[in-house]
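Note that the chains take the letters A, B and C in the order they are written out, and that residue 1 is the start of every chain.
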Amino acid sequence: MTQDQQGMFGAAGTGDTSGYGGLVRSAASAGSAQRPFGGYFDQVADDLERAYPDFADAIERVVVDRGELTLHIKRERLVEVALILRDKLKFEMSMGVSGVHYPEDKNRELHAVYHLLSVTNNQRIRLEVSVPDTDPHIPSLVEVWAGSNWNERETFDMFGIIFDGHPGLTRILMPDDWQGHPQRKDYALGGIAVEYKGAVVPPPSDRRSYK
Amino acid sequence: MGLEEKLPSGIVLTSVEKLAGYMRKNSLWPATFGLACCAIEMMAAGAGRYDLARFGMEVFRASPRQADLMIVAGRVSNKMAPVLRQIYDQMAAPKWVIAMGACASSGGMFNNYAIVQGVDHVVPVDIYLPGCPPRPEMLMDAILKLHDQIYDEKLGPNREKVIKEVELAAMNATPTHQLKGLLA
Amino acid sequence: MSTYADPYASSRETTEGTVFSVTGGDWDSLVTEIGQAKEERVVVNMGPQHPSTHGVLRLVLELEGETVTEVRCGIGYLHTGIEKNIEFRNWTQATTFVTRMDYLAPLFNEAAYCLGVEKLLGITNDVPEKANVIRVMMMEFNRISSHMVALGTGALELGALSPMIFCFREREKVLDIFEFISGLRMNMAYIRPGGVAQDLPAGAVDKILATVKDLRHSFKDNEKLLVGNSIWMKRTEGIGYLDLAGATTLGVTGPVIRATGLPLDLRKIQPYSGYENYKFDVVTADTCDVYGRFLIRINELEQSLRIIEQCAEKLKSLEGAPVMVADKKIAWPAQLAIGADGMGNSLNHIREIMGTSMESLIHHFKLVTEGFRVPAGQVYSAVESPRGELGAHVVSDGGTRPYRVHFREPSFNNLQSTSAMCEGSMVADIIGAVASIDPVMGGVDR
């Protein structure tokens, strides 16, 4: 899902003569988890399957990693799954949308991540929807959880994901006439070099970096 | 209309300058322009322990028309910059600006697309106050330095002379990019 | 007096004589239009620079007389791009950025972020006990100082000037503790991934207990002044009403939802950093209004003091315990001390890395230049900040820099409820409602 790391220390252009410069580390993404998931995840998955017969069709992947359950959902089924999670499985509160941009993940570059909290059952679950850059539309969840309103505006503002059905999808953090979506990986950080008495400190995006 | 139109000359002018400077500095009224973390330290400077009231400055005027000092406390984003300029324009002369904190002076640690790298891109600044955030005592030190500056401000023909001198000095000084420090 | 009836200069006879009304061309149509509209609507902009909007918040109000028909919030005036900035710094440096988001509760931002990083590293159980106790104690002190600002500025906006001075006086005592322990009053970057930046100085526990005693005594000033005060209650009771259904669907957490009666407190239901070992109560109210939220904040101060006392007791027996995780490949190597030129690495540490231990030198070098690597994955870690649930969605790609960190800020989600709370009320009540939500614009805009 992310770039392969080259070299031992990830620093390019070093005087590293050790021969470890040829090392290539590929970032493997967590594969789909197999049952049993552990903890309350099995109960949640069972309830969801019972309440939503098209479960296998809508859920692309289930990931259980570091004590958290992630359901990767197809965008067309997002609203249905969300309604079932809210009404039948009692995930009353949505913590908002978080966008992530994976430019290496071809055709699935933009991810929208929803964190849900069930107060009655004290459970957390994560929904993840992936859409391509060329068609960044996701159905809006404002009808399901009203609090998603500003969060979806922010994700649109920062990533360019268009939420269909949102009552007023405009920029919320950047000025209204700003061009571009700042938190995408292909948007420059925009810093300027600082010069003082002949010495230049480059902006943070251009400094020597260790990946 | 104002003081500037009715200035005398000579020794009397010097006395008038001193009197005007004394009165202006002793009751500077700040405009509320607290933006971020520095605003909290500014509020703490106005509160009980570090008391700004002893300088006559505890009244933070909400309306810029009634204020003469704008303490830009906090990071100025690109969206806020036109608002900052509008507030500055609404203040009546004489007016002064303190850029409080690293973000107001130079963009601070936020060298990116969203923050104006120093409010002197937007308004003329009299005192730059570093710190992240500067302690209330540092803010008071900056205000006192500003008081000294205000006390020494010249009026009328003396002012024009000072402006000419400063301009000449700036023209003859080495440009910043040719100043070389220890690193170059 | 002409007999020609000028359509734009009509006249009528009154007791004072003839009164002429001169109108322009399209003023006519405007006046007829307004005359036909049943109400008079005024659009008022409570702009980003305003003494009472709690920071750079822009409220666009549509008023009908004094009643508010629509409220819209304009935010983004403090957007700093912190989340994007972090992607260009390593995992430890990101703490210094993250701390400046919600600037009234810096330790909570750091805690949410560091708990997320620790979860990704898998060292949540390896964080030493003393570090956890110090984290809890500093977070509770921060809760007190944040509530002090909330109460003080809230009261100031509603017209009460003394609580502001009282609250900032108490806050100074808490800031003294912060300065004593971490070196800075605000934005300390004290909680780091793996533990805390440095150990408590000598005499810390006594100073803490003395401050707690002092605070418990001085909190009464505010209580005596405002609780039960009929003027205050008239200004705050029944104002800013938001019931449980509204709060749940809007994703509102913190004192606002606890004012509806739901005891939703992450410290109790999903404890972190050892909160399950402390005895404290979750404060709720059931009036769903500004007064209820105010009472909750006042009572949470006492609960925080209880937790701090328990922490201080624990710290007495943890003298000399480590405050950073034992794994040297992650632990920030600084052994800070005050030198002739300020705070920096202690000479003992420098002597060790330069003279005795090669591994220490390597660790110090690698950690400070490159930083540690965090295995790939994503986590969501949440803490209960004074404003609600502060969550960090941390995504790592296996490198030394955060790939994406998104903060679920409570102020951002809570501020959405302004429209629900204020529409239909008077203009002055908006101020009270926004003050009771207690938004911190640094957190809202990040």
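Criterion: a residue touches a chain if its C-beta (ideal position, glycine included) is under 8 Å from a C-beta of that chain, and two chains touch if they have at least 3 such contacts.
All values reported here derive from a predicted model rather than from experimental measurement.
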- Task: Average the C-alpha coordinates of each chain, average all protein C-alpha coordinates together, and give the chain whose average is closest to the overall one.
- Result: C
- Name the chain whose C-alpha centroid is most distant from the C-alpha centroid of chain B. A
- Query: When the centre of a chain is set as the mean of its C-alpha atoms, what distance in Å lies between chain A and chain C?
  - Reply: 25
- Message: Counting only Cα atoms for the centres, state how far chain B is from chain C in Å.
- Response: 29
- Query: In angstrom, rounded to a whole number, how far apart do the mean CA points of chain A and chain B lie?
  - Reply: 44
- Message: Two or more other chains touching the same residue: where does that happen in chain C?
- Response: 76, 79, 81, 84-85, 445
- Message: Going by the contact rule already set, what residues in chain B reach two or more other chains?
- Response: 79, 112-114
- Note on the structure: Flagged in chain A as touching 2+ other chains are 174-175, 182, 187, 189, 204
- chain A contact footprint on chain C (complex, rising order): 75-76, 79, 81, 83-85, 88-90, 119-120, 122, 248-253, 262, 264, 269-270, 369-371, 376-380, 382, 389, 391, 393, 395, 397-401, 403-404, 406, 408, 412-413, 415-416, 445-446
- Parts of chain C lying in touch with chain B, wherever the complex brings them together: 47-51, 55-56, 76-82, 84-85, 96-97, 100, 103-104, 149, 153, 164-165, 168-169, 171-172, 175, 185-187, 441-442, 445
- Of all residues in chain A, those that touch chain B in their complex: 174-175, 182, 187-192, 194-199, 203-204
- Item | Touch list for chain A against partner chain C, complex | 1-3, 5, 9-11, 25, 27-30, 65-68, 70, 92-96, 98-101, 113, 115, 117, 119, 122, 124, 126, 145-151, 154, 171-175, 182-183, 187, 189, 204-205, 207, 209-211
- Item | Contacting residues of chain B [partner chain C, same complex] | 32-37, 39-41, 43-44, 47-49, 60, 62, 64, 74-75, 77, 79-80, 83, 87, 109-110, 112-115, 132-133, 135
